[in-house]
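Next, two complexes with chain A in common: one pairs it with chain B, the other with chain C.
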Partner chain A sequence: MSLLAYIVRRLLLMVLVLIGVSLLVFTMMMLLPPGQRVAIYVTNDRVSPAMMDALIAKYGLNDPAPLQYFRWLRNLLHGEFGYSITASSPVLKGFARFLPVTLELVLYAAPLIILTGIFLGTLGAVRKDTAMDHVTRVLAIVGFSLPTFWLGLLLMMIFYGFLGIFPPGALSTDVRNIVFSDPTWHPYTHLVTIDAILNWRWQVFWDAFYRMILPTLNLVVINSALIMRLMRSSMLEALGQDYMMTARAKGADRKTLFRRHARRNAMLPVITISGITFAELMGSMVITETIFDRKGIGWWMAQAALQLDVAAIMFDVLFLGTIYVVVNLVVDLIYAYVDPRVRLS
Partner chain B sequence: MSTALQTLVETSDLHTNFYTFEGVVRALNGVSIVVNRGETYGLVGESGCGKSVTVRSLMRIVQPPGRIDSGRIVLFLNERDRSRGIEILQRTETYMQSIRGSDISMIFQEPGAALNPVLSVLDQVGESYRLHRMEQMITETLAGLEGERTAMHRNSPRRAVRRLQAALLKAERRGLQRWAALVGRIDNELYLLEDRQDVEALARKESLNRGRDRARPRSGLASIARRVPLLRRYRRPINATIRRHVVELLRSLGIPNPENVVRRYPHELSGGMQQRIVIAIALACHPTLLIADEPTSNLDVTIQAQIVELIKDLKRTTISSVLFITHDLGLVAEVCDRVTVMYAGDVSETATVRELFRGPLHPYTAGLLASVPKVDQREELSMIPGAVPNLIRPPEGCRFHPRCPKRMEICEIQKPPTVEHSRGHWVACHLYPGRGNA
Partner chain C sequence: MKTMHPRLRELAFTLRRFLKNPLSVIGLSLVVIFGLIALLAPVLEPPKYADPYKIPHTGFHIEPSPPSAAHPLGTMQQQYDMLYGLVWGTRSAFRIGVLVVAANLFIGIILGVLAGYFGGLVDEVIMRITDIFFAIPFLVMAMALVVAIGRGLKAVVVVLIILGWPSYTRVLRSDILVTRGKDFILAARASGASHLRIMFTHIVPNALYSVLILASLNIGTTILTAAALSFLGLGSETGTADWGQIISLCRSWIVGTPGNRFAYWYTVFIPGFVISLFVLGWNLMGDAVRDVFDPRMRRR
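This part shows the complex of A and B:
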């Protein structure tokens, strides 16, 4: 029961964090003159200066800042997030359209990032100072120091530019027609690869999966490096601990030693870092989606920033804030589950 | 050495080196010790003299960069067939795993660090049973299941579940038995080849060793069932059996409220309790030899006394021999029958406790004894001048000569041979030119 209380308290804390984030976003917004902020409420390109002034007066954009903040907050709580120019629709509708694309990529990339990092890191530690160790270490350093956009462009250049495989975009034109206008297509989850399996359309699945490979590879190379490094070093530390000697002295075989005794301890810092990596993944998403032309949240954020789509930026920042907080909560819960020394109360 | 007693384990001329960046640390410089059946054997010396490395070499758990470079370790486990010594250094890792924790086990200096922080007491103590006594556990579990099944109604669905559990357990046991039989055959063949050094025998030995390392307990049915989430529950009765054994073991070690303690994690226990858990891990499978590596150095004095009493008790009731490592001479006098004094990777002197305390021969032993404070002591406490040498470049000849008050010219040139000065009293010092080399 105390666990439930803990979760509830953390979620309440999350509200505070989000208010902080919203204040920050609001301040950023207030740095713009009213004439630009009015863009949230503008639905077409042809607006005369007189109409702009009318809109500014209507929505009170010249009012004192606190008043505007509370009004904005009230709108948020009423689910009114404004209109996004870049999505050509209200923000929430745009969000619902863009989210599945990002979610799908996360669904493939995040487990791969964590598993790759843990697997290669463990391998490096278990076979310390062998060729395998050196190769994984070099890979980690390369992955860690490469900028996301640079690797993304390089992958694109090599695979699409020179070899003509792995084209950008989320779907090919044919498949797009199926997904968006075929009446027999049922979008159960809006995640194309999963819908394709549920609809039993292998052509669609293959097309969507094929175009997912390069962006996933990009995200995995960049983001698993940190986990790999940490896993290796914390595994080495665990292997040197006294309890490993106890385990060896009781006759444990290699499998028991590494999996049961060392890895569980070595995983503790990795769990924390995995949460941070997940958050960073959302950052890499902006660049990866832009480079590989996948119209997801990241792409939307980039477009919104370029076109001063204030409503979209604000919403996305709040969304990211929520993700950060929730992921951190999940990480803490997992940590407490794995490490008996940590008590949540 | 002594022939009246049965040798349990014997090392001769053991060299263990650590290959570090700074150079080769020559930790053991030809260590020969003999532990007999039924005795408590002490290994004494300053920190860094190689006590721990000796016993770790004995169990073959020296951590890299350490390596046992030469020497022999022979273990006589079979009481009836005395000739069947086991050459520890020639056996496979798998064979060593089957001996460690089962026939020889070890307890450690720092109980807090020696226990895995993320595993419960039940997990850690129970692991000894899982690794070495699985067949017995399954047999007991099956007996329990059988009894439960006959008591149930004929058409009870739980009866069918019990049936499935029993079938899977039997499959697992068959796998273990097949493995044990295979490994037994390989061991026998290896034993027959042990002393032969011709090319053919070496090649055959190598292939047998590889085969033994690859032999794993296997039952197709059970290994599939273990991976299927719902079917995996067939192992629950085994867990209950193991739990029962662990609780019994903890109770026999004087741990109050063992049902509660098995659920605890190491950080929730006191130091004395942690050391008892470490002892429980070591004793689970009734080892013939218990190695205690300074088991009390990091405990409070009162707890120390309790742990020492416990070990003495266990020596009387459960374990055949104890190899006790310590730097505390008072403790040696209290618990040990025979003692070896080590200095910088060399064995200085070996004798019965009584003889060693009455008439120490080696100047180092004498120095050690003189540096123990006595109650009625008025004058200043004597001490051995200098410090333990760096073992990357140890002193030539006798490693003790730079600190020795009775240093002679020969000490700097030649390592002294170990001689039997009087019956059962061995010493390695040029002051005692014996009747020949050991």
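This part shows the complex of A and C:
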């Protein structure tokens, strides 16, 4: 199969999965009574109980399901996602407000998760059956077993409760005033640390950065375990390959052997699971943002689930599903480009 | 018993391998200890109400109290007894974990067999459905579904059953694809065995180990997800003996009093520690079983 044919096939598959995701979300919506589904169609919260029946009739919420599905799909394509009571605004507006907070944490946590996983996994494989190997394996399995919310609470108890450092919240009150009401502050990207550098306001940068340390640590401990384990086993497999013996026979030193020959090949499976890593990261984001009081997408989801904010929840599920599918497509295409065996099979 | 049946001999060998690994012994012991606690819950902590999963509390005072003679592990917020909650929580963790994973296995195996054995359109449809399930973060989808069908511990169990099967289906399917072309299957088919017979007497037993290992690892994950949902306030009601619920009761107590900053450490530390040990036990065991059963690893 040529690369082009592969891309076309993958794109078609992506559309199929996206339709599936939308059907899944729609099915979940249909489990709710029509009165609750109204939130997904309205654009404001001025809905009195008396108007409910009229609205249900207006949006056809008692119509046959297929009809409702296509109507809902059309709304989605027009960017109409309903009104979120937890964001006190239409869903998209709320989303635009919450996304940067999450994105910023991902920006710091994701590279650290990947690097930690690859580094410790490689270390374990290269020093197989030594103390270092055992320590990293135990670390990985403990990372798998710790509840995200407990680790978060413990970190808060030790650092904030006992030592009095790393307070919760995304920004201190002073800095929040700067970011939200100082006319000289330019929110270029809405990612506070990056804007702080662009605005040359180091006090703001430090404040935002400082409060990101604990949540990042929490995410790294929990989420790097999977990569660590995969990297270890795939590195072990790479080390056992014939080309390693060839390289060794040709007199390559250990550094070249591990870095150029083994690790490069061992990293391929790690790339393929980056979609799963991303999904797991978003899952722990719900808990992490709730515990560290950072008002991002995860915090929003937790609030929405508690307050039956159906419009917000369904939108977030759709959003995360879409992101996952797109990330996976990009990863697979890169993979197919790098490794011809994938597209030829 | 001079000549053991080869299957028994294999089992004995496997067991010896398993018991030689300290990590797997720790895992097994943890699971056994928790199992005993769950079994003996009525003896260890006799229930005070008709519903044993309701934690007794002495008074409504909001501040947790430290371990004492009457409450060996202290009390939580509103004076719920911690030890009682954890002991009966162990029982509910087993109930949830075993029920959910058994149901997942059942659905997952049937769909995995259908997909792997028949291939073609059946396979394509089932696999695309698992793709859809994998596209959404597990916790997020569980949250959304709990909201859709209504909160509570029962809802959490139903949701975990609905959402948990795809990983088994995938693993079983890929195992079956490997087994399907093997000579003994062709032989069975040539000798006129029916589809059903081939599937359940020849294919499934050969592919079962990887699924069972996954199940052991998934009991831990299932409990973690259930606890996370309870922590977020979507699971059991306040005062239920359920680990996630117990942790959500302690979350306001991470900051101590001015004189004693670790004043409430027990209420935060103990329940999470217990959940971690439980999950760790299942994970260590699943891991060890994988190493032991993996033919590439076992004879080394």
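To be clear about the criterion, the second predicted complex is superposed on the first by the 316 of 345 C-alpha atoms of A that agree within 3 Å, B and C clash if a C-alpha of one lies under 4 Å from a C-alpha of the other, contacts with A are read in each partner's own complex, and residues count from 1 in each chain.
One rule holds for everything that comes next: a contact is a pair of C-beta atoms (placed from the backbone, for glycine too) under 8 Å apart; a residue touches a chain by one contact, two chains touch by 3 or more.
Because the structure is a prediction, the values reported are computed rather than measured.
By the document's definition of touching, neither partner reaches A:201: not chain B, not chain C. Residue contacts after overlaying the shared chain place A:338 against chain B, while chain C stays out of touching range. By the touch criterion defined above, A:147 lies against chain C but remains apart from chain B after alignment on the C-alpha atoms of chain A.
Between chain B and chain C, it is C that contacts the larger number of residues in chain A.
With both structures placed on the common chain, the touch criterion links A:263 to neither chain B nor chain C.
When the two structures are aligned on the shared chain, A:253 is found in touch with chain B, with no touch to chain C.
By the document's definition of touching, of the two partners only chain B reaches A:245; chain C does not. On chain A, the surface touched by chain B in one complex and the surface touched by chain C in the other have no residue in common. For chain B in complex with chain A, the touching residues are 59, 61, 63, 94, 96-102, 105-106, 108, 110, 113-120, 127-128, 131-132, 265, 267, 278, 281-282.
Within the complex, the chain A residues that touch chain B are 240-243, 245-253, 256, 260-261, 264-265, 268, 338-341. Residues 16-17, 20-21, 23-25, 28-29, 31-32, 138, 141-142, 144-151, 153-154, 156-157, 160-162, 164, 276, 279-280, 282-284, 286-287, 290-291, 301-302, 304-306, 308, 310, 313-314, 316-317, 320-321, 324-325, 328 of chain A are the ones touching chain C in the complex.
Within the complex formed with chain A, the residues of chain C that make contact are 23, 128-129, 131-141, 143-149, 220, 224, 227-228, 231-234, 247, 250-251, 254-256, 261-262, 265, 268-269, 271-273, 275-276, 279-280, 283-284, 287.
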